[in-house]
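Here's the structure we're looking at; comments come further down.
Note that the chains are named A, B, C, D and E in the order they appear, and that numbering of residues resets to 1 at the start of each chain.
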Amino acid sequence: MNKNPIMQIKNLKKTYNPEKDNEVRAVDNISFDIYEGETFGLVGESGSGKSTTGKLLMKLEDMTDGQVIFLGESIQNKRSRQDLLAFRKNIQMIFQDPYASLNPKMTVKDIIGGPLEVHKLVSSRKERDEMVYNLLEQVGLSKSFANRYPKEFSGGQCQRIGIARALALKPKFIVADEAISALDVSIQAQIVNLMRQLKQEGNLTYLFIAHDLSMVKYISDRIAVMNRGKILELATSDDIYHVPLHPYTESLLSAIPEPDPESERNRQRMAYDESKFTYDQDDPHIGLFEITDKHFVYCHKDEVEGYKQKAERLKQAIIV
Amino acid sequence: MEEQLKFNPVSQKKIIEMEQLSQIQGISQNDDSYTKTIIKRFLKDKIATVSLIVFVLLTLIAIFAPVLAPYNPNQTVGFFEDAPSSEFLLGTDEVGRDVLSRLIYGARVSLTVGVLSVAIYAVIGTTLGLLSGFLGGFWDSAIMRLTEVFMAFPYFMVILVIVSLIGPSIWTVTFVIGILGWPMLCRLVRGEVMKVKKADYVQAAISSGYHTFQIAFKHIFPNVLTLILVNMTFGIATSIITEASLSFLGVGVQPPTASWGNMMSNAQSLTVLANQYWRWLPAGLMVLISVLSVNFLGDGLRRAIDGEVK
Amino acid sequence: MERKSILSVKDLTISFNTFEGEVNAVRGVTFDLEEGETLALVGESGSGKSVSTKAITQLLPKRNTTISKGEIWYHDQDLLKTSSKDMKKIRGKDIAMIFQDPMTSLNPTLTVGRQIAEPLIEHQAMSKQAAKTEAISLMKKVGIIGAEQRFQQYPHQFSGGMRQRVMIAIALACHPKILIADEPTTALDVTIQAQIIDLLKELQAEFDTSTIFITHDLGVVANIADRVAVMYAGRIVEIGTVDEIFYNPKHPYTWGLLASMPTMKMEREDLYTIPGSPPNLLNVPTGDPFASRNMYALEIDFQEEPQMFKVSDTHYAATWLLHPNAPEIEVPDEIKRRNERFATILATKGE
Amino acid sequence: MGKYIVKRILITIPVLLMVTVFCFIIVNLAPGDPTDLYISENATEQQIAQMRASLGLDQPFPVQYFKWLLNLIQGNLGFSFASRMPVVDVLPSKIWATVTLMFSTLVVSYLIAIPLGIISARKQNGFVDNMITGVSFLGISIPNFFFGLALIYIFGLQLGILPTGGMETLGGNGGWLDRIQHLVLPTIVLAAFYCSNMIRYVRASMIDIFSENYMRTATAKGLKEKLILWGHGVRNAWVPIITVISTDIPKMLGGAIVTEQIFQWPGIGQWMISAINARDYPVLMAINLIAAVSVLFFNLIADLLYAAVDPRIRY
Amino acid sequence: MVSFKKLALLIMILFGMVFFLVACGGGSDDTEATGDNDGEGEEFAPDGDEDDTLYVGLTNAPGGFNPLNAPDTVAQWILRMLYPTLLEQPESLTFEGNLAESFETEDNQNFTVTLRSGAEWSDGEPITADDVAYTLELIANPDVETTWGVNISSLEGLQSTGKWEDGADGVAGVEVIDEQTLILTTKTPVDPNYIKEMIGFNVYIAPKHIAEQYEPAELANSEFATTPSVSGSIYQFVEYETDSYVQLEANPTYYKGEAQLKNVYLRVVNGTNLVTELQSGGVDMAAGGGIGVVPVTEVDTLANDDNLDFESYPGFATQFMFINNEEFDADVRLAMMYAIDREAIVEQLFRGNAEILNSTYTSASVYFDPDVEAIPHDVDRARELLEESGFDSSQEIELTVPTGNRAREQSASLIQQNLEEAGFNVTQVTFDFVTALANVREGNYQIGLIGIPLTSDPDQTYLWSQSGTTNLARVNDDKIEALLEQGRTSTDMEERQEIYSELQEYWRDQAFSVGLYGDFQYKVQSKNLNGGIKEFWGGSLHDMHEWTKN
């Protein structure tokens, strides 16, 4: 796998209502890299800051502090219209609610073709329409859909349209913000397969944001687990599942219901006592520590050894 | 044997064909565009349809007033205060002008004031509302303070003062109602824009690189347009009444120009009220009919858009 | 073991009037709810699972709903023919409901305590004071810490999970015979979902309540259900015990559902998918509505809708594949795997 | 809460200042010199100049405005050009008259409108609903001067059972029955509009509320219909109702101009018309100030009431 | 059920509050005056003896009650009930003693005024010659804002504005002889009727002992001007509810005897309401005279009402179409005069309740010359004149129409049509009254309709002289200046009549403007009322203390 970081996130912070009673640290000093061509999963429960992170990376919101370097350039400095257009061409988003993400008053053709016109990638209406038809085909829709309004489609079809729009600009990076959680099970699988297929065809990098661990595990190369604005654990998806080190990850994993009555009957849930893992903000010994190779856990320096042992234990268990 | 044939598996290719067919059938149920759907729903609403017909008729009357009116509305053509007769179908007024002709020309004034003033404030209110809601921050609070200032004015007083400042005429009345009417709409649009702004499709438009103004006018505006339209129809009704009230107070459309409002202000005289019904009743009914029709029109439109089942 | 049926739905057929035309939301649904069991209704959105259960307590909007056929027997009463006055005495007392969205299902302007106490005052003629005491003990029972203080609070002061606990307290306040839980955990985070499901199971045992549990999440079903009914396009396509459905499903749709869920153990091959999307119920296609998405479709699927075929005493499925004339087919790998697993489980249990 | 109120009032001050500046400009831009109205045809230049000085019109606008503002801070609204009476002396009786009319109108309107709006929403699209909606449309469509004159003609002159104008029988003993008789007709005319308007708002918000999930919950609990309606439904309608009330009140305080004019009701509206005709700037400024303050004040009250009826809102 | 009980309670509370509001009224002040049988709440008809109370309908509100400064007719009319004048004028230019027993002169320059003895202010202070002299001095005081400057300007020692010369501090022409006598001296001999009307009839005598309490400069904006405490005439002031009503009660010390009608309410209502109130008995009489005017459209209704007396008389109210003399020469002006069908206006619009102005006086004036016949409606002649004048008839002429007077607005439409028939190209421009007047005053108009209330004295220098403050037509004509000068300085009535006859004829032929019509005064009052408006409206109140109601 290619190991060039396409996006580097350094000490990213987003605070709402700073220094007021209702201050919320939605994203609290997180750092990670996303490598070219990988699918990076970002998992967390509601309010964990995962969606905010996605919006910050998309420049849909302004960060409070930190730095994001995309394709070697810091995105904060992109202010001029020209810079912004160049930036947006390379990074696109797929949204959670398939209906809400499509403008109800625009035809499919305008929705998908609009970005092409904005970025002046087409010179004529005819050319634009041709490209829209191609894109529709690419996401598995008939081109006869082009003149219709989003309202007329099912959720899965709408999500395909949303994907076509994201693909129109041939971006390098796609942020999928809960792109499948609003869909029915059978449709989720369709969309996930489509995304995987497109990735192979177009050399894309995904940031896959979700609360559903099973799907994230299935699609991602690496996964970061977020809670309360912080990344608690970061590892390859296999490691996250097989060698979950942080108790929060463990509790998340134990809570996922499996479509298997027998294992449900026998399962043990792990409770997560948050108070035990809340640290003093100013302690310099707090941070993401690499426990094993490419496996990071948010903890105190003194706890590293304990986690190392735990990792060892769990790995043993797998081999046995 | 034939029975058994039914249980032959279907080829994958055929299933895929059938699937696509059913997808296309699934959406082809409703081949109408959004606008067409609304029109269809609207036409199912009887009262709204009748109102639309009435309103169209009124508009036609206003447009073809010179053809329809039997006499010059501003010319003394008969005896003063004559009761309706075959010569003057609705009688004559205090200086011998034909009431019917004045009524027909009055439609022009009332509808012009109604429609034009609302058009003016719709443009102002929508633009400011869009900007305020979309830009937020400083512009938002500046525009909101401005609406507060405008809403804190006693509406009628400002109209009265401005009208006497510029001199009362159909254009003054139109202009003043237009200039003063926008804050409510502005707030409405702003509220809606704030709602729409959070919608994912606007976020999508931003990430697609659309320019702020393109987003405001191309993506957000169509989604608040229906709301604005509904509000505008109610606004037209209000404007017609406001013109009539101003004319009643003597600062509306000025004689000799006929407006329903100043015709109706004849009813200020008890003699006229009691004995000369033709000098106020037709004008009063016209105001009532036009306002009712516009109101029902707006209500029907709202229902059609909301998809409220009738 | 023959158990007594407490609620019996027969051939329920419901349609809605919309601007576009008549939507056939429920097309002949039949099932029994047995005493003390949890029956899960599973299906994708629009499959009619929620509508069927709302019909039980007459919660569908009268204006545009037509219930053209069917009976719903509760004891010796046909609930479809019960007057709305009598229905009020059944609702909340005999049949209680929990809804999906705990954020909007509680009245924002009333204290939580009052909302829990209301059915007690209404159905059990309790005094305000007694109702309050009872409500607080219910709140404790559903795991609300500091119930005495929280009694006075308003819904917005509660988190989503806590609100769903409140909803459960309201539903169970009068010890109902039947609980209808309409996607009670869908809007919640997984960890909270697990807690709520555990709570529901616990309380169900304690109150001896029969439950209809509506969900689209097969994982939840596997956890909570005794029996499962799978719905598609307004009909039940397969019904059976939870083991039968999960380890030995017979309907291709059920296969699709089970196979399209990624599991922990699964490696990175493409997920099995059901192609296309559910049919538009405005005009239901002839034959089996699932036919055009069915990789195992037979000619007859496009001509005739299949009836329920019996697999076992408890297991039925509506697919022509069970017809004696139907050809043998190769089931998906995932289903094979499940069959095998079942064999192992049975074997271990047999020991 | 207290902090919030203070903050709101502080925001209000610049708005109010802007309103008064605008108003001052508009009033003073009007062509024609008010002194024209107060002199006879054969007045001398000296007399005109003296009057201008006496009315304070001889100074430039900004000076006039700041003088006005300075006086305002001391609670002095100047004296009326027309009657030379201090405006603050006249104001209370005018406000009183308007408030009386306003109060009776709003009480009557809302007592009718709220139940009717609820009934209308419950029987949505039924016969009763169509009747109520139809009549309420008529109510907002009928010009009030037209309606008022018709009532005067019928009840005042033809039937002779109700007084045609004024607030009380002059020289009478001011008995309450007499005052109520004078209130009846103007109240009906105003209520026709306000009542219809309110019906529409109540109906719309109740329809929304009926489709809310918590109403479904209440039904599923098996509660009695009355309790569902009043205990759960109407409770949530207070926010829109308060919004309407808080815009209605200042609208009327700013002058039920036409109605007061028709019924010779000695309130703000009638005063305003005569002040406009008389170019009575201090009176106009005072009325404008009252109207603006009432708009802002009732906005604030409404915001505070929201918090009272909706526990989610806290300041 | 609980909620319904609560609702019912709420409704009751709300209704209770309404009743409370209504019952308490606008404060305590209005119940004080008539509070004697407050206890009997069930009676809502006017209490006490209804026949004691006179209700008068006004269509304009008074601009205060300052005897020294009363520009508006309403205030002047009410002041006549509150403050004495030296003379009465029951008919036009016929003077009778009032506060003055006699008002005599031998040389038309020195006038001896003898006051009646025993006259008292309502607070018991005697009314003396000092009061008269003090009033005149206040008027002449440059610090005092007053409308009567011109009235006394003919007195010795005063400028033409009526203010004393710089450095002086008194009026040389006023000499107090004793408590009851004073002598007024004019700069030059004048027509005695002129001085009798200007000073004797128009100037209200203010109580010195009250007025003294205020700084002269502040009088106009003081309580003295808004809520008079002491009266010297028929009634005394009780209260004024702004723009609503004025309440008066009989002055027990009135020197001609206490009034029969003990209470007077002067109600301010609009024209329509005046009619309804007259019909329903809410007012006993319309004040008439331009301040209590019933709309001309209602005249038939009122005339046919069995409970009302209705009469109409020529008065001093006039409507002119002013023509900007700087833009139109005599021929064009005359063409306009011929073009306008004043007959139709008077007969059809006014149903005969108005007269055509032949020139610039109404038939109510003693100086009116009936031999100067009005120019008839003659479109052909108008066209002829227009052609002869060489006026470019395609030029658009703006007709300025002030709002506020329906009859005038309606006549404007007719005038426009008439003028167009004669070949003019006319458009109406409408303004509110103040704006219209301001435009016309500044000469910023072409033709415009303005009403002018004339005086009994025939001097119209202010209207038609270049030096006149109301020379709206912008007349600049030597002959008219000469005639006005002659009329002003002549001291003999017959001689003046001749001069004004000549002026009327000259004015008509020059058509400085078009005198449209003089609308009649209406006397509309309940048949129950004995008294009321007289043919000479200005003098109607001379016997008000004797008015009664059946």
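Going forward, a contact is a pair of C-beta atoms (placed from the backbone, for glycine too) under 8 Å apart; a residue touches a chain by one contact, two chains touch by 3 or more.
Please read these numbers as outputs of a predicted model, since none were measured by experiment.
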Chains touching both chain C and chain E, listed by label: B, D
By count of C-beta pairs in contact, the leading pair of chains: D-E
Distance from the mean Cα position of chain D to that of chain A, given in whole angstrom: 55
Averaged-CA centre spacing for the pair chain E and chain D, given as whole angstrom: 36
Inter-chain centre distance, chain A versus chain C - centres from mean C-alpha coordinates, in Å: 31
Averaged-CA centre spacing for the pair chain E and chain B, given as whole angstrom: 48
Residues of chain B touching at least two other chains: 20, 23, 26-27, 30, 164-165, 268, 270, 274, 309
For chain E, residues that touch 2 or more chains besides their own: 272, 276, 279, 404, 432, 434-435
Shared interface positions of chain C, touching two or more other chains: 63, 275, 277
Interchain pairs in contact, sorted by label: A-B, A-C, B-C, B-D, B-E, C-D, D-E
Interface residues, chain C side, partner chain A - complex: 44-45, 160, 189-194, 197-198, 216-223, 242-243, 246-247, 256-258, 260-264, 266, 268, 270-275, 277-278, 341, 345
Touch list for chain E against partner chain B, complex: 271-272, 275-276, 279, 295, 297-298, 300-301, 348-349, 401, 403-404, 409-410, 412-414, 416-417, 428-432, 434-435
For the chain A and chain C complex, residues of the former touching the latter: 45-46, 154-157, 184-190, 192-193, 196, 211-215, 217-218, 241, 251-252, 254-264, 269, 272
Complex contacts: residues of chain A adjacent to chain B: 55, 58-60, 81, 84-85, 88-89, 91-93, 95-97, 100-106, 114-115, 118-119, 142, 144-145, 148-149, 151-154, 157, 162, 165, 169
Residue numbers on chain E that touch chain D, as the complex places them: 1, 3-4, 11, 14-15, 17-19, 21-23, 25-27, 30-31, 34-35, 37-38, 40-48, 53, 55, 61-64, 66, 71-72, 145-147, 149-150, 160-163, 220-221, 225-226, 240-245, 247, 263, 265, 267, 269-270, 272-273, 276-277, 279-280, 282, 404, 432-439, 441, 452-453, 462-463, 468-470
